[in-house]
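Paired with subunit B in one complex and with subunit C in the other, subunit A is shared by the two complexes that follow.
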Partner chain A sequence: MRNFGFTTTKSRTIDYEKIDTRLISYILQNEPSFNACLSCGSCTAICSAGNLTSFNIRKLSLQIRLGDIENTKLEIDKCMLCGKCLLECPRGINTRNVIMLIKKGLNIIDKNEI
Partner chain B sequence: MENYFILPFTLGMITLFVILFIKYGLWIARLSHIDKLRIIQCIFTRRTWDAIVESVMEGLLHRSIFKRNPLLGYMHMSLAFGWFLLIVVGHIEGFLCYGTFANAPWIPIFFQYFVHYQFPGERIMTNLMDFLLLFILSGVLLAYFKRLNSKIFGIKKTTKLKPFDKMAMIALWFIFPLRLFAESATAALYGNGGFLTNSVANLFILIHVTPTMESILWWAYSISLGLFFVGMPFSRYMHILTEVLFIFLRHYGIKLKKQFNSYSRIQVYSCSRCGVCIDVCQMHVANISNNQSVYILKNIRDQNLTDRKLYNCLLCGRCEQVCPVKINLNDLRISQRIRATKEYNSDYAFLQSLPNETPTTGKQPEVIYFAGCMTHMTPGIKKSIVKVLDKANVNYIFMDKEKGACCGRPLMLAGQYEAAKKLIDFNRKKILESGAPVLLVSCPICYKVFRDDYELGQITIKHHSEYFLELVEQGRISLKKSNSSIVYHDPCELGRGCNVYEQPRELLKKTGTLLSAKQEKVMSLCCSGSLGDLSLSMPDRNVIKAETLKVLLQKNPDVLATACPLCKKTFVKGVNIQVKDIAEIVANAME
Partner chain C sequence: MIDVLIIGGGIAGIETACSLQDLGYETVIVEKERTIGGHLNNWDTLFPTHRPASEVLEYYTEETRKRALTIYLNTYVTSIIKLDDGTFEVNTSRDVIFHSKTVVIASGYSLFNAERKEEYGYKIYDNVLTSADLEKKLKTLNGEFKTPTDKVPEKIAFIHCVGSRDEKSGNHYCSKLCCVTAVKQAIHMKQICPQADIFCCYMDLRMYGPGFEEMYREAQEKYHIQFIRGRLSEVGENADGTLQLKVEDTLAARPSKIKVDMLVLMVGMESPQSTALFKETCGLQCAPNRFIQPNDHHIGSNKTNIDGLFTAGTSIGPMSIFDTINHAKASAITIKNYLSRN
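After this line comes the complex of A and B, so read on.
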């Protein structure tokens, strides 16, 4: 192709066909309440880990839905399971279980079991 | 020749002893080195005697079950103690008859069959044996009823059985009625019965009992004994002997470890499936009736414990409180969680890059205060603690005023042991470096982990209810009594977890009229907010909470007091009266 001296940015379209749904399906299967998340961010505002680091549980929840497994692996380890988000969530989502399921789900994916 | 009928019994007994020898041998061999040393050190001390006494009281007399449920207690006692006496008295009979205790093991078991003639004390002994048999039979009868209808025992659900359990149980049901019939048949033929066997023998005479029938009955009795002995090591009845081993090890000071080990296994096999833990569990309110401790222990034995069952438990400790065998049910469950999640623990590398200086006050601090995540969520409590400390002129360090790591207990409850250790190390260093002699906490969840897992040496750990009571007693603060009525809710981790029941009540009595609740102190209910449960849904939590509130608010108090930020946060969303932490009440009542 001819070089015009400029580049195009990577397409930001989300291709739903190509999303890695293994993790999100595993979580939803075992904790259906996660479906009700409206991304309000209350959990993130109160988060103990968020107070110490750049950890953002709301963002992570979106990334999981988009199948970003690599980043989830790096991030989830910061959560201390303190349970503040559980008390704050207006939708009554069992957030601590979601987090344990993320950890377990990632472990299972690593072992190629799902 | 006709004595072959002793074979099923004898072979069964030999099999039983061989299996038990191997099983217990392996369990004891697999205890840690330190635990073994501890046993050797303690074996010739008073502890052995205490263990023997407890084995008799619990293993034979079943005192604890008795206290909770007399009918169930009687059933267990008549079977265990009655059978034990039957064997002892049988041996005495053998001694009186043959002049020695060194008789073949089947002599006392089939005594009536072998001895038809007079010996010293025969009448008394025979009637005594009949009485014991009657005693056991009454227990067997209750056991039949229990299977048919467990409600009369106040048990909601009786436990389900595996094939070996069934075999052993049916054999057990048959042993004593068959013994009665066999002895009665012999009595009908030779007239050597007591009051019970002679009465049955009179019926047998009516139907003309023959020596063949007699022999068949003795065979049947022997076979049922043999089947029971062979089935026993693989069935629930294994608990009878394991419990005794457990009692001894417990008296020798062996403690349950975080990792599931041989001692944990002994505890698991000590469960008698009495079902006492089923009834106290609040999960029934939310129609959850498959995750109570007795089922979990069974799943551990059968190796089919699912995550959902493992995690669906408030770890409130009510079942542990009532368990007659004193199994460490909470920690056992946690050790299973540790096992289930050991492949994915965080290392919290970010802790290393946090600014790591310990805050100081310039002078030697009296106290280092750790608020913890939950207190930070309830600013009212935090402010009150600070207010009281300032008022009493306490020189303190606020350890996690701006930024702090979690205490690690929530991780521990979820089984994330390695991860929890990272947080513990981080916090521990700060606490030790502060130089303060007292660590003050305002959350029972933190309190529990500080006490159990932090190893803080000389530092005393105090919950604010304990510390504030001391401040009052030392005259550093004084409280004004109002006329409001208060009911106090014992948080699980503070009450059953750390044994603090009286200090909060003492404080509350100084600020108002303290009402009692129907279920309080050791039997207090869980608020439902527990971090121990990972799978309970919010609607289910609310159902449980409503029940707890019903009990607490029965006497229409003005204030519902608690001593835990999580309990407070949980209750606030369910009532229209004031819910206050004891810190807030004290701060308000200060003069």
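After this line comes the complex of A and C, so read on.
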């Protein structure tokens, strides 16, 4: 192949047909309310970890929907499980349970069980 | 026996009574307050034209006077009972019982009590107001606008969806009018405090009506109102009385801190307690949002599950003034059809 002097990177376009749905499906099976998220940001604004680090629980939820499992692995351990986000959510989502499910789901994926 | 007993002397009740009177029916209005006009009495200006609310109120006061409508003020309904012959017995707080062929519930809405959202600091911090408080303040404004702690504001924030779209408040529905009211109030504040930076923190902007989107654009272009897409999570007070807001700017995907001199909470609309009482006394059907359930959303929105019992205005859910007036006119026609059939 001809060398043009640059390399192509992975496309930035979201391809909804190629999303890795393993983690999101696992979460939704166990916590269907997760689908009701409005992306309002109340959880992020109140988040203990988010005020100290770049951790953003709302954004992470979106990335999980888009199948970004690698980044989720790096991020999720920043959560302190304090549960403040749970008190805020206007849609009544059990965000703490979502976080527990993310952790469990990642484990299962690692073991190739889903 | 009167033809139509109307519960509520706000705009919906008055318009229904005027329209029915013009069609030749005898009406009586029962109003719990000492004046007619309902919430409009406390409002300064109306969207989308910024016209004074008093103009609409004066119009209806004049229409009432012209027709010499019968109105019982300071009177509230304690029960509605449907009798075996299909007519109604309506008991009130006074020594008067009405018998009527039909009843219209035009008892409107209540405003969400912002104290229920403790994290927003209403009645805890001086400079937290509700949208209704701001209207009252503007209505009686004399001279320069100052915050409750007597400062000319340099930063003001409006918070959308307070007590609406919020499971924690027990209100999952959208109150429909607070978005455009926030935009209207933000423009008004910028006009009278041109030096102030004004923020609107929203989840979605619902500019559903004619002229609303235009107002929103004007707020951006002409008045430089800053719209931040994020819901307020909590408020704290600084030593100097300013307020510290925690909101995620979701479009930038970063938590943000905003310091303001005054915070305005856009309180939502709730079904009034009287509706719950009517539900109890006559088996009226309510929707999950606690407002009255229309018999048919599309072709029978003035009808209820009870024959002869009708609605006008916000007793069925949040509605603007112009929608309320139209709903009240529709109620009159629906009642006319009912009375001429029976």
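Definition applied: the second predicted complex is superposed on the first by the 102 of 114 C-alpha atoms of A that agree within 3 Å, B and C clash if a C-alpha of one lies under 4 Å from a C-alpha of the other, contacts with A are read in each partner's own complex, and residues count from 1 in each chain.
By our rule, contacts are C-beta pairs under 8 Å (C-beta built on N, C-alpha and C of every residue); 3 or more make two chains touch, one makes a residue touch a chain.
Just so it is clear, the structure is predicted and the values come from calculations on it, not from any experiment.
Superposition model on subunit A: subunit B and subunit C are shown accommodated side by side without a clash. Using the contact criterion defined above for the overlaid structures, shared-chain residue A:Gly50 touches subunit C, although it does not reach subunit B. Legend: residue contacts after superposition of the two complexes on their common chain; A:Lys104 is shown touching subunit B, with no touch to subunit C. Within the superposed three-chain model, A:Gly92 lies in touch with subunit B and with subunit C [touch as defined at top].
Taking subunit B and subunit C in turn and counting the residues of subunit A each one touches, the greater count comes from B.
Of the two partner chains placed around the shared chain by superposition, neither subunit B nor subunit C is touched by A:Asn35.
In the superposed model, A:Ser25 lies in contact with neither subunit B nor subunit C. Applying the stated contact rule after C-alpha superposition, one finds that A:Arg58 touches subunit C and leaves subunit B untouched. Looking at the shared chain after the overlay, A:Asn71 reaches neither subunit B nor subunit C.
Superposition on chain A leaves subunit B and subunit C with their closest Cα atoms 6 Å from each other. Residues 46, 51, 87-88, 92 of subunit A touch subunit B in one complex and subunit C in the other.
Against subunit A, the residues of subunit B that register as touching in their complex are 307-308, 311, 341, 343-344, 346-351, 354, 373-374, 376-377, 403-406, 408, 410-411, 414, 416, 419, 423, 529, 531, 534-539, 566, 569-570. Across the complex, subunit B is touched by residues 30-31, 33, 46, 48, 51-53, 76-84, 86-88, 92-94, 96-97, 100, 103-104, 106-107 of subunit A.
Looking at the complex, you find that subunit C touches subunit A at residues 119, 161, 165-168, 203-204, 229-234, 246-250, 253-256. Every residue of subunit A that touches subunit C in the complex is listed here, in rising order: 38-47, 50-51, 56, 58-59, 87-92.
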